[in-house]
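A, B, C, D and E label the chains in the order they appear, each numbered from 1.
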């Protein structure tokens, strides 16, 4: 799937002028409040029209002001989970969920009603009216409604913000499965770096209506790492499962990584997100530590930030960023070229 | 301030039956989606009436079904930031913000319009109508509106869920200041453990309409630590500021803690939240590590959890919980009585 | 029961019911269409359109009836056309009475429906569109159900108006027993009759009871349908 | 201009305007109160209350006028009371015409306002209450402004009805030039006169133009006020 | 089809009784549409399915005759009525009606004289003519309260709203709330007559028979019962 987006839109004093391309998988829209994320998503859905510009999906022109094309939202087959749930107040939860089924083409329909309802934990709500639902319940129904319309692209505007960790932890893997197994491309607006890093293949960072950075998640987050949480996004291969310890071992050029049991097939290629704060550095042989993941690394660059020091590392050919205090940098003598060990707490990987 | 809450309320099939007391400061309501948090907050605000029960604030009876007292919401002086923003669509942002000022008593008014507007970053929106605001902008205006009504108790239902990290990081310290300087008590609903741990003095955990646990934040989170993120909440004294390294040194019985510069007066007592995942353990000399905070600890108990091992520690008399893999436990021979060093990445404390 | 009213009165009651029901039912689709235009349309001449819809309210009913007679009478342009093309005659038939009642109640119906449509959160319609519903489907599954309170209010108002209308009716289709003599026309005749006041009052009560029934029915429907949909 | 209408017609036009404005203005507070009761009240007899409000719509205007005469005439119980206690006389006065018009337009006004009030998201009123606004303040600062579309629609409808009403007016307060002869009464007289059609038409156009003006005005206000408040 | 008569509303009682008698005799029902004479005349112009027009005054009948819509050979001036001054039942007023009658003085400053609309309602027109002929119109005019039909005027008096009213003798007779104070001289107003005629467009063979019966002595009692004088009765 390829989404090309190029549009200008003025809303009062705010001007959106953005251009990006998304190549399937999950593309995250990331940016501060009021930067224009919802505006972009609305344009893709067809709920508003750009002043100028062109948006295409898999070669099909959704809108092109130059030639006057504007495909109505109902013909785009683009699902949308709104920032506010927008459930139909006059329909039961059940009817809200199946609404999209009434209209979508029978061919190309996917997604099993029962399975989606169970996953979202809304089975007990089916007979209820949206008005009495709690905030999180509404949002879950909204996710189900969008999915059950069998879209070919899914727009999600902060879909999990209203959910608790446990529920989030259940839904995220499901979204991953949609991405990987159903090959459903998703445009995902979120403030949560860990969500984005876990799900997204690409990130588009929006600031004041413009694209500040765009590209693969590893690169972009490393670029903006000064104030980000991301230390590294490593690609590794599932190598073994240790049933006794309940961990999965991943192969990476710089060493073996232990993470909580994944349940993936051996040989699968996975992406592991490591927060900068979860990375410690050791010079020389570390003592007897509970930290199991020890990757050989080399310091590439050291840059002083406002509050701490960002240490760029090369870990078996992949970039990694660690943040340490000035004191630590001094004591350890961290400087380009130094060989160090990156220590990563295994349990810290459980939600990437 | 003392809020006593004791109420039963049936909503369809859902039954709330909760009782807790909150002694000033920030009390967090924590619990999964649909567990009854908003229901409780609505009862406190007076937007719904319990079927049975009694709620008092500082000795004043807000509602008591037994004697038929029900103070109307407008006379409670309880501010409410709703889960959905609920701005007045017919008023400008400016008028929304000053709405509470029109009615509140002049005496007891606090909070400076300009300062609150600036802090929330909504100065440019004053002339706008709520309808065009972005999700995060709406929520910020809603926070301002509740504060400017000079409430004596503030209810916040997931106030920061729609906000990005940067904005959150700005608003949280402000809420802390409200708590500490204005002595404004807050009943705070949130899914974000770090927010709760940072702000809350007390936590009430709600599950399926009942109070599953309640008490000081350290105790409660340590109790439910199996699936929580909290490792320890330590109380320490500001001891020195290191201008060169940009850190503040805190005194704790078990050692000195370094955290990013706080800017608090020396001698102030502060609470530091440490996530379980940010704690590593070393047996013997840890070697040359970038980890600066090393607290002497003793293993109190070791319990195997589903996916890892929870190690309860005694750190200078305060409880701490670390999570390690089974492999690490074996290798280090972690057992009750063993002396260990708790390693805490300094930079990990920046948002507690 | 039979003793309560004369045969002619029974006839008037039956006819009034038929006329009112047909008037309301037949004008509903147009009413909804006009309400949509008023509530959503942004076209030049919108105000004029709105004014035309309000006309029957402003003009004395007799004038409306007279204009209907001019246009839809057997010799009127539209009346002649309908007669020749479709064999439909409205003048001096109960169908004409229904037309008069429909016209008189039309502004009430349209305004009520338009008010409800204006109050609908259009973002819900957008949500429906993203779920694949086309314009018509959105209208039928979202707009219309959400406008239900207005539609019911419109029905009740125009039904009540139809039961009370007589100025336009008597002027357009006269007051022929069994064909165009509705309850209000009958009341009018009775009022002209010395000593007819009692009978007039009886018939008035009948009207009131009927429209009370309509009111109760509509409120019951509204309660059922909107029980849980109010924001 | 002067040549366009006779002095008596000018008088009728001026009087009609005055009567309609007073009728609408005086009934607005009651209309809003009744609409609140209808939209929000849950009391026994609510349906009956609703029925009473709809009465003037169902009853033929002449009957309404007659009932007004019975109640508010100089000898009627309310009329006598008003006369003795406050020296207020309605019979044969323009104030009586205003009362008749107000009564006839009342159901239209109430229904429109009630519809708008029903559509208000009561959670906004709750929000206002948590900000310290008491019942009255909530009503004035939230409910009323949000009900504005319905209030405007109600005003226009009842204003238009007042301009068109004549059956109840003439029955209650007669048709005294300069005192109670409104435009529709004048039109009615003209229509009953052989050859009076032209003059009747001219006056009808005046009514229509006036209420068109009211309509345009109300839509302008509505646009201004609700520009950005529609969800 | 039934014979359809378009009749002035004020004939309701009398004509109602007459048609009932006719039906009892012949078994043939007659439909009567009562409305203001003006409305009925206009409807006949517009092609209404009326067989017989029974007007409350000459003007509207003349109007239709001018346009050739009635069969002039069938036109009969059937009924006559009187014009009376009424007062509320409990009124003590006595007034002699004649030249310069003190009606205005009797009305006082505030009293109204209830009449049918003087420009349009027949009873009003006759009343105005009479008062003019008696030389009191100018004095009385400011006191006139018009109603859209005679019954409205009658109600004003019966309810005591107006101390005096001018109505037909037939109305005064039927309304127990009023009493007749005096009768206007027959020569002070045009004759109060009710012309009847067959509508030219009528094709109903029974219409002629009914019209003939109406003007026959057999129908007389029904009209007289209601207080009319039967003037055009044939035979």
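Annotations for the structure displayed:
Criterion: a residue touches a chain if its C-beta (ideal position, glycine included) is under 8 Å from a C-beta of that chain, and two chains touch if they have at least 3 such contacts.
For reference, the UniProt names are A, B = Molybdate transport system ATP-binding protein; C, D = Molybdenum transport system permease.
Computed from a predicted structure; not experimentally measured.
Taken together, chain A and chain E share the touching chains C.
Note on connectivity: the fewest steps through touching chains from chain D to chain E is 1.
Using the average of C-alpha coordinates as each chain's centre, B ends up farthest from chain C. Chain C and chain D, compared by their mean Cα positions, are separated by 20 Å. Remark: chain A and chain B have CA centroids separated by 26 Å (rounded to whole angstrom). Centroids built from CA atoms put chain D at 60 Å from chain A. Each chain gets a centre from the mean of its Cα atoms; for chain B and chain E, those two points are 89 Å apart.
Touching of two or more other chains is recorded for residues 62, 66, 123, 188, 191, 230-231 of chain C. For chain B, the set of residues that touch two or more other chains comprises 84, 132. Within chain E, not a single residue touches two or more of the remaining chains.
The list of touching chain pairs reads A-B, A-C, B-D, C-D, C-E, D-E. Of all the residues in chain D, the ones that touch chain E in their complex are 62, 66, 69-70, 73-76, 91-92, 166-167, 170-171, 174-176, 185, 188-194, 196.
On the chain D side of its complex with chain C, the touching residues are 47, 50-51, 54-55, 57-63, 66, 107-108, 111-112, 114-116, 118-119, 121-123, 149-150, 153, 156-157, 160-161, 163-167, 184, 187-188, 191, 200, 204, 207-208, 211-212, 215-216, 219, 230-231.
Listing the residues of chain A that touch chain C in their complex gives 45-47, 72-80, 82, 84, 86, 88-90, 99-100, 102-104, 129, 131-132, 145-146, 149. Of all residues in chain C, only 123-124, 126-135, 137-138, 141-142, 145-146, 148, 225-231 touch chain A in the complex they form.
Interface of chain A with chain B (complex): residues 11-13, 31-34, 37-38, 83-84, 124, 128, 132-137, 140, 157-158, 161-167, 191, 193, 227, 242, 244-247, 258, 260-261, 276-278, 280-292, 306-308, 322-329, 331-332, 334, 343, 345-348, 350.
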